[in-house]
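Look at the two complexes coming up: subunit A is in both, with subunit B in one and subunit C in the other.
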Partner chain A sequence: MAMSYDRAITVFSPDGHLFQVEYAQEAVKKGSTAVGVRGKNVVVLGVEKKTVAKLQDDRTVRKICALDDNVFMAFAGLTADARIVVNRARVECQSHRLTVEDPVTVEYITRFISSIKQRYTQSSGRRPFGISSLIVGFDFDGTPHLYQTDPSGTYHAWKANAIGRSAKTVREFLEKNYKEEHMESDTDTIKLAIRALLEVVQSGGKNIELAIMKRDESMKILVQEEIEEYVTAIEKEKEEAEKQKKKT
Partner chain B sequence: MATFFGEVLSVYSRAVEEDDDDLDDENEDERIHREIEEKREVHIVWCPEVAQSLEDSGSNTLQCSDLIIAVGTNAAGFLSAYVLNTESWDAVGHVSLWNERSRGSSRQSIAPLPGEPACLFYRHRDNPAVLVCQSTCYIAEDQLFQWTEKVLGCLQKRGLSVMVLSDSPVAEYKTPDYLYGSAVPFLRSLKSSASKGQALCPALEQPNILTGLPAAVLSHCQVHQIPAVLYQCYTDVISPDSITMETYKPALLCLSKLVKLEPCLSADVLRKFAIITEAQSNLYT
Partner chain C sequence: MALSSVLQSESADFSFNNDRSFSFGCRFGQTNLGFGAAPGDRLNFAIKASLGPDDKDGPERKIEFLHGTTTLAFKCWINFSVAERNHQRTASKATNFSSQEQLALLNQPAIPFVIIPQFQHGVIVAVDSRATAGAYIASQTVKKVIEINPYLLGTMAGGAADCSFWERLLARQCRVYELRNKERISVAAASKLLANMVYQYKGMGLSMGTMVCGWDKRGPGLYYVDSEGNRVCGDLFAVGSGSMYAYGVVDSGLRQDLSVEEACELGRRAIYQATYRDAYSGGQVNLYHVHSEGWTRVSQEDVLKLHHQYQEPKK
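On to the complex of A and B.
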């Protein structure tokens, strides 16, 4: 039984598990879905918007946060843990600019965030951060990047990935539908992210929030009308594809 | 008693005397025990028609062919949404009990308010031999036997068949394999040996066990050779949730043979029974 090996996270179980870290990954699955796609000239992060209470200001429920002018991220999991990580990352971005006079590379800030997370898996009396994050942006040489971090402190670069509630379904959709040649077009990259989210989001476009960043531009959060335009275009394409299928 | 330092201490005698005081204490203890027992007694309050039928039958029992018990908020919500939503069910009684977690109303005759944790009985108008019980209140271990004896004691054993739907957290499901997110929620079944026929889902694997009211009911049915089947739903959500409620759908196959059910249910109706805690909880984003 796992019970006696998950009380202090510094203890390995006999079969090599760190149960607190694995339980933290379960906490991530309780957050709503976030998807990231890396195009050639644009990087896209899409999230499932949570329904807010009637009296709650929905501008304060943000899943996508800018870390600097060239990097932004989305997270899934415990809201409060995310706030701490985002704040530390933002401070580090400015500290890096002051010290080195250059903006951070996406990999640098991802490594910084992952190191914080790993430190919390090896200290006594602390629990791991219950969030996974998707970090996207452009380096100063113009290369786009998408990284994913998880509560254990590992990070990997991805072409497209999803985290949160139905991440598995979305990832399978991305694996089936990701085409390298489509990533040259900004519209197709954005459409792929929206299509992936539509697989798992209830009631379509109005529960989706999307942020994009084009090379040498700052992050832009799309307004509802723009998202609806993409959704309409996607639905039209789906209808055409089904008509084609019926003909053959 | 004089001590080394010259002070005088008064010493209490440790001699035990056979006193009348002891007897009073015992009586008091007995009185307290009796009071606690009375307080913790399980009472079933039937509506006048059912109380009359109980009296009229010689053995103080009701004729019942099928008893469906739902234990837990998701099981109760499933029955409310899929079975009790038509107009042909009458509320015929409730169980009134008190324990530390379930402070029932001080007067037994008052029926519990809708939404309160309670133990309610419903009977189908067109087929009065079908009884449904929704139990959402906590029944303490010392009260389980009483509950089972009193409820099942009101029903004739001949021809009786019992189905129990019960919720359980998936954290208590023991398995050597890792459970991926998509597998949860899921159903497992257990039957009494008198129950013939296939259960609609895999049987509960060892070393998992049942506890609480479902276990008490199933044990009673096993001892008295009443055919009974139990469906335990393991879910990772602690509040009533529409996806968990939908997991009980295979049970509808059995129920539709007994009573007429609403053919299809819109998701909105289901959501009405699920508490929308998602909006209020900002813990996870």
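On to the complex of A and C.
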């Protein structure tokens, strides 16, 4: 049965599957949710923060990492694997700056990360990385980008996406509520990301970590108070919408 | 090759199989060429005179070819044009504008008026075409500008084989970059690739002094790269034995508001003056202009013809 084909990563199964890669994707589905939205002038990444034990210092559990001044990423899956990928990507960003005298484009660094991941699906003795990542940023010419990579080494560009636990629910929410016009406004973009996360996160703003980047600025991780502001604004909007519905 | 046999009989000194590649100049003490060179390929020939304790320039002495070249490249500012957005009037060159005209336009409040400065920089590249081996003129028709791709040029000074080989390798890298990243490589990156490639062979006897010129999204680019590992960005470079003469002419004639023709003429004149005084430069003046659409070959003129052209009015 399938048992004999998931020993070695480099072996295909008769029906064309690489089982190790698929199991890696399962590992991703167990990770905490991450959501990314690409606005016109701002890009947003939000992750679900697991409740931290009382004695734990929560600053060490950062799931959103800056790769360079103009690119940052979030991931879902095995944190340890992600650390390796992030490290390599950071070095590559600087190498690129050294040889080409230009900051990386988001597409370039995504391609680099994907080829690392792909290499691990094709060499013996190694297992694939158990992470999917959302990579966002601005290119040198100012265009915003959002890319998603997965353990198999493929990458796609998205306007908004979610990975990790309940990614499907969040993606459906995004598909329903993503509106091009709203992306012009920074606050609306950020609100969309928060609303999407609130769908699946247990207890509201406390468990959300959010990072935004505006064009020509560096990444900014929002503090708890700022997130709470957005959350209260969102809840108010929700109440108003319900009141409207009740009236009609 | 005919050259080597001629040299053999005169002042050159050979120590190995010399029937393979030859450089345009004389070199001595050349060691292993790096990858791909079979032992039989080693070419060592030197002018007897330099066997003496003539070490004043140190490594520079090896690059004999630099004594037989003048290559020149400079960025030029082409005049800016003034355009009125909502009017049919076409843009006119600043040189045709008197200050009064400009003021008049500004004082017409009814017409919304926008000045769109269009600084179309370019890079003018001018080279001679003489190759020498000591006092022997090996060729008068050498192509010292290498066309890396339709918007990048490289000049050649030093060993011809080194220059053309590495620049062709650079062309390959540039093309791969273009395919991978779906956009043209910048001049900075191209020159950096070349510099990094030759730096690995530093001290192994490569001889190359080249200027990488091109146009990218940052505008015109001009970099000087050599086999010692130097890589410098600049607005004006002249390389070779005749470079001092060329610098003199260009420095005195360079202005902010040159037109394309004037800049080309300046480059041509500079090379001509260099060939006039420097024995190791001559042949023809090859002129290229790099602009936003790529490079164009402006002219190729024989130095003797230029000589008559410039000396005629003096009579």
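We take it that the second predicted complex is superposed on the first by the 248 of 248 C-alpha atoms of A that agree within 3 Å, B and C clash if a C-alpha of one lies under 4 Å from a C-alpha of the other, contacts with A are read in each partner's own complex, and residues count from 1 in each chain.
Going forward, a contact is a pair of C-beta atoms (placed from the backbone, for glycine too) under 8 Å apart; a residue touches a chain by one contact, two chains touch by 3 or more.
Predicted model only: the values in this text are computed from it and were never measured.
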Broader residue contact with subunit A after superposition on the shared chain, subunit B or subunit C: B
First (subunit B), second (subunit C), both or neither touched by A:187: neither
Touching partner for A:51 - first (subunit B), second (subunit C), both, neither: first
Touching partner for A:168 - first (subunit B), second (subunit C), both, neither: first
First (subunit B), second (subunit C), both or neither touched by A:63: first
First, second, both or neither for A:30, with subunit B first and subunit C second: first
Partner chain(s) touched by A:100 [first = subunit B, second = subunit C, both, neither]: second
First, second, both or neither for A:108, with subunit B first and subunit C second: second
Contacts of A:76 with subunit B and subunit C, given as first, second, both or neither: first
Touching residues on subunit A, where the partner in the complex is subunit B: 1, 27, 29-32, 50-53, 61, 63, 75-80, 82, 168-169
Interfacial residue positions of subunit C with respect to subunit A in the complex: 181, 185-186, 188-189, 192-193, 196, 217
Residue ranges of subunit B in contact with subunit A within the complex: 174, 180-182, 276, 278-280, 282-285
Subunit C contact footprint on subunit A (complex, rising order): 99-102, 105, 108, 141
